[in-house]
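Below are structures written as structure tokens.
First chain A sits with chain B, and in the next complex the same chain sits with chain C.
Let's turn to the complex of A and B:
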């Protein structure tokens, strides 16, 4: 019984995932789990889950980010230009990750230096990145740049590769998050920055590394996003940042961070979210109504988490 | 003379958690009287005044105002009952104008339709200021443009505007120049002449003896005695402030002095905003005590030791190496427990295990990884050695008592192998039983060759535990005492005040 209590929050989110699957599976006559729908869900889940897992490091230390959608667009734009120019996927992927890391590096440096709220800095990054992408796209003939003469099938159709990617990111970052001074330090900062500092956590350095990890993950997500549509336009990545927020909250992550933050929240949350959205579409809900449902789910979960911890759950 | 009593407290008590800040204090404040209130830090002066002013609620006891029951729920209510207070800390809002500050919370007095009649408010503010003899202030200016002293005078104008029957002045004069002090004395005198009352709290004994008609002495939250002006004697008052009885065996009994002559930390001409030209050595195998009143810079000195505050001038050398920042202090094995351990040292919302291991990651690390098994073993060892009372290492620290929380803080320092330990108010809010354990522990650490600094507001603790005691006053070392059997609090207190 004591054990159950200890793992209560862990259990709740897995039960949530199973419940959502069962409800919509039953509702859709198990159409939800058809090969076609499974593949399509994997395609949606891959960039989302990878970005969420990286973003867990930002949220764990009490940071908050709403720039990921715009960063995805910028990174994808860079990647497509490099790929088309050099014909190399690898260079494209590296460039995507690098440009995304630069965005997050600027973000954390500005936040640290000027003592701003991380949300505000990320808002500035969001407008800059989105503005740049829109400006460049509008000056191209089709108002978009498509992938030419490079084969990105692996990122688009290879579902085993996708699942493997999620697994690798999850395991690697899971170990860093739970069993290294970096992950533990980040969570300690989320709890009490002052104490963390006096106990020897290198505050600025830890925050920078957390944002760089998030940057790598968002960069990878950008490549998957780019490959699935085959092009970049001014609306690429729109709403991605909010999807990430909903996923993390759905997975039970405390938005103020802290030692109790679980990285599994990122994975479970994004899977639950993808199944929920797919399920709603299959049962024939109007796409505009789906957004409303998203909002309601978000509010309910926030309410529940605030009640549960009865502590601050919103970022500073 | 019974009808002359304005305010009477009957057995007022106040607990903050486990700590008894005020213990059954009864006192009378008469009309036409300036009553002084004196006592060491933590004697309950500010607590009792904040209860009278409705900031805190008493845990037990009652108050009578002009012979009717009085229990204010807020400062607003206290003011309606004719009681005003000038607090110790800054109490103005920087961006608001002088007039807005004076009438903060009372804007409805100047209502003109849905708006505030600013012109009328400014005129009233000007009047309030000139009532206390200040004429050259533009009341429409925001207060941050004025000096600290002027802001205090603005607070005084606010306190006096409603013509209070009783005005409480809490350690305000220390912040003022001679000129400002004279203004306050003048106000107090007028208050007395109008057959009203003043409760005046100060650390400055000569000032109190000069201005007050009688003096109430508090000690450890209890009433000691009330002395009339005719019986004022500096020595008598000082003795009453410190004359507590303590069980002898609480502290160490030896007088052997420090173990080695090896200097661990050396400060040379250290100056910060608060500290003035500090020179000291801390040796291995020594317990160095630092005492003083709040505001003397003792806590800041602790932060300088820990690398948290940087010096403007001079330098701190740790084993000959110049101390630059916190990270280096930790590398040099300096451990620090803040006086605000709940917000600066501990993670209240986390388990004992997480709290103990966080400062020892470098030791627990295997390659890159910190494994849960190692953490558990490490935490269990500390819990056992320090006899931390808990259900398991997974219990949250916020559920522990003050004493056990402090044991966790100690565990951090011991666990990460700190050689130099800076303990700021190590027994604050700790009950006697745990205190004894801690004193034993500190003494053992000394014998193992640790260099230890105890910063404390409690003189008996310093006398009982330390090989040397440095007394700080106004940021400078005013006196150094060696450990000896016949060292008394009364010897020290002269250098404190």
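Let's turn to the complex of A and C:
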């Protein structure tokens, strides 16, 4: 019985995901599950899920990030320049991850050193990254930079590869999150930073590693986003940060972090979100109304999650 | 736990609950659906077996004259005359990611065909459409053959890789149209130049969007400059190119216009090619340089514009606007719609050797220089002002005369003839 209770919250999330699928599947005469729509949802979910899984480490320790859309744009810009220059997709991916990690490293260092709210720092990163991408793109003949001579089919059409990528990232980071000192430390910081420090958690180091993991994931997501359009322009990644936030809260993740944070929330949330958005589109909801629904879902779930967190939170 | 259950239930059911209130894509779609049923029964009466078709439309917005005209023609005319429903998506100007999302959404909603106001990321869009068996056409741009290229993105970044550019030959790619004539606007530019010369202008400038986005702008300016130069009119050159036009960024047309005219304090006419009426003219007016009676003679610049809006009447009447005009929206939509409707009903002109298919039709670019021409423009080109579709540029009966689904000729050449008429030709046919 205790075991069942332990897994009940996890089960409820997955049941919710199945329910969303069934409801919209039925409503759309199962068009939701057509080959095209399944592939389309995998293409949308891959960068989102990978970024969300990485971002779970940031949220687990109580951090907040709203720069991921701009970081995706900057990482994609770096990747396309490297790919075009070297003809190597591997170097492009590595550079995307590296540039994204640099952004998040600066973010966490500034936050730690100056004691700023992580939201404010990420806002600064967002403006800097977006500004840089916009400046560079506007000074190119097409106001965009396209992938010139590298075949990125694997990142845009190979759906098995996409699913495998999500699985690999989820399993690898799931192990780190649940079974290593880093994951446990991050959640402990989310519950009570002082207490975690007194119990031997290296606060700054843990935070830095969490942000670097997020950086790696956002860098990978950037390559998927870049491949889907074949080019980088100033609007690349617009709104991605908000999609991540909605996914995380939809998966039941507490934005204040703590021991109750589950990395599975990132996966379930992003899958639920993608199915929900695709379902709403298929049944013919006006695109503007879809955005409104997104906002309402976000607000209501934030409210409920906050209520829940307030009940469970440890003394600070 | 109770709250967690609520959270999850909410995630799965909130949207559903909201749907009851927010509704689906609005009354117009429902109306379209209802109309489709009516139209189907009318079609049955005509003993024609045309099947219902769903067409997706992607534009920058539906609030400017172009968007309003297209929506009006589709919803209030085509949807009543044919068994068709329209789905609309908006993608902000220049946002390729948003455009591809719009294509994806339209395919997901079950569209049989998509007409897009974008002429970029065609390769990426076609990849989606080809894999889903959805027809795709460019509403306001030319389809350029870039197949079998070296895999590099072309000058304008439209077609993408080799594999993508080969989709030019896909059965599902129905092409585009020359919006400014087969000569890419040289004759149109000459027409504008002549109007400016006839009005006695002495020092003239022109401003346009970047050439990667509006390549025909260069040809139009070529014709325009040719006439001005031949008549001894002084040109206010773009200092970077030592020729016309000056360049305006998408998001900075107003500011770029102001900067440009500030360099030429004695400019007496400006050819606004980058949304002339909506963006260039207001910028000239804002700095007090627009010649108009309302300005008490303070301004000196008269206008020639690519573009029309509700204020064109006023400015034409008081002599501020020397010549205006716009793409024939109805002809553009009618062209793609006719091909798409027939293709979705199993009669693809592209694969029919007898149809004489070409990748681009030549759409008319109606202009006006006086009140009579403007009245004809409103009556035979616009649908929102005339409110009478029987006089519009292409009628349903004319389209049906070409569609094989309605026992028409199935000839692409006939269709091209219908959609390339000027105002006088349309007037003669009514």
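We adopt the following convention: the second predicted complex is superposed on the first by the 302 of 316 C-alpha atoms of A that agree within 3 Å, B and C clash if a C-alpha of one lies under 4 Å from a C-alpha of the other, contacts with A are read in each partner's own complex, and residues count from 1 in each chain.
Please note the rule applied: contacts are C-beta pairs under 8 Å (C-beta built on N, C-alpha and C of every residue); 3 or more make two chains touch, one makes a residue touch a chain.
Since this is a predicted model, take the numbers as computed values, not measurements.
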Partner chain in contact with A:285 - chain B first, chain C second, else both or neither: second
Chain B versus chain C as contact partner of A:191, first or second or both or neither: first
Dominant toucher of chain A (residue count), chain B or chain C: C
Which superposed partner A:115 touches (first chain B, second chain C, both, neither): neither
Partner chain(s) touched by A:180 [first = chain B, second = chain C, both, neither]: first
Which superposed partner A:252 touches (first chain B, second chain C, both, neither): second
Shared contact residues on chain A - chain B and chain C: none
Chain C-touching residues of chain A, taken from the complex the two chains share: 8-9, 12-13, 15-17, 19-20, 23, 27, 31, 36-37, 39-40, 138, 141-144, 146-149, 151, 153, 157, 225, 228-231, 233, 235-238, 250, 252, 272, 276, 278-287, 289, 292-293, 296-297, 300-301, 304-305, 307-308
Residues of chain A touching chain B in the complex: 6, 175, 179-181, 184-185, 188, 191-192, 194-202, 258-260, 311
Interfacial residue positions of chain B with respect to chain A in the complex: 306, 308, 326-327, 330, 336, 338, 343-351, 354, 358-359, 361-362, 365, 368-372, 394, 412, 416
Touching residues (chain side chain C, partner chain A) in the complex: 1, 3-16, 18-19, 22-26, 29, 87, 89-90, 92, 94-98, 100, 102, 104-105, 107-110, 121, 123-124, 127, 131-132, 151-153, 155-157, 160-161, 163-164, 210, 212, 249-250
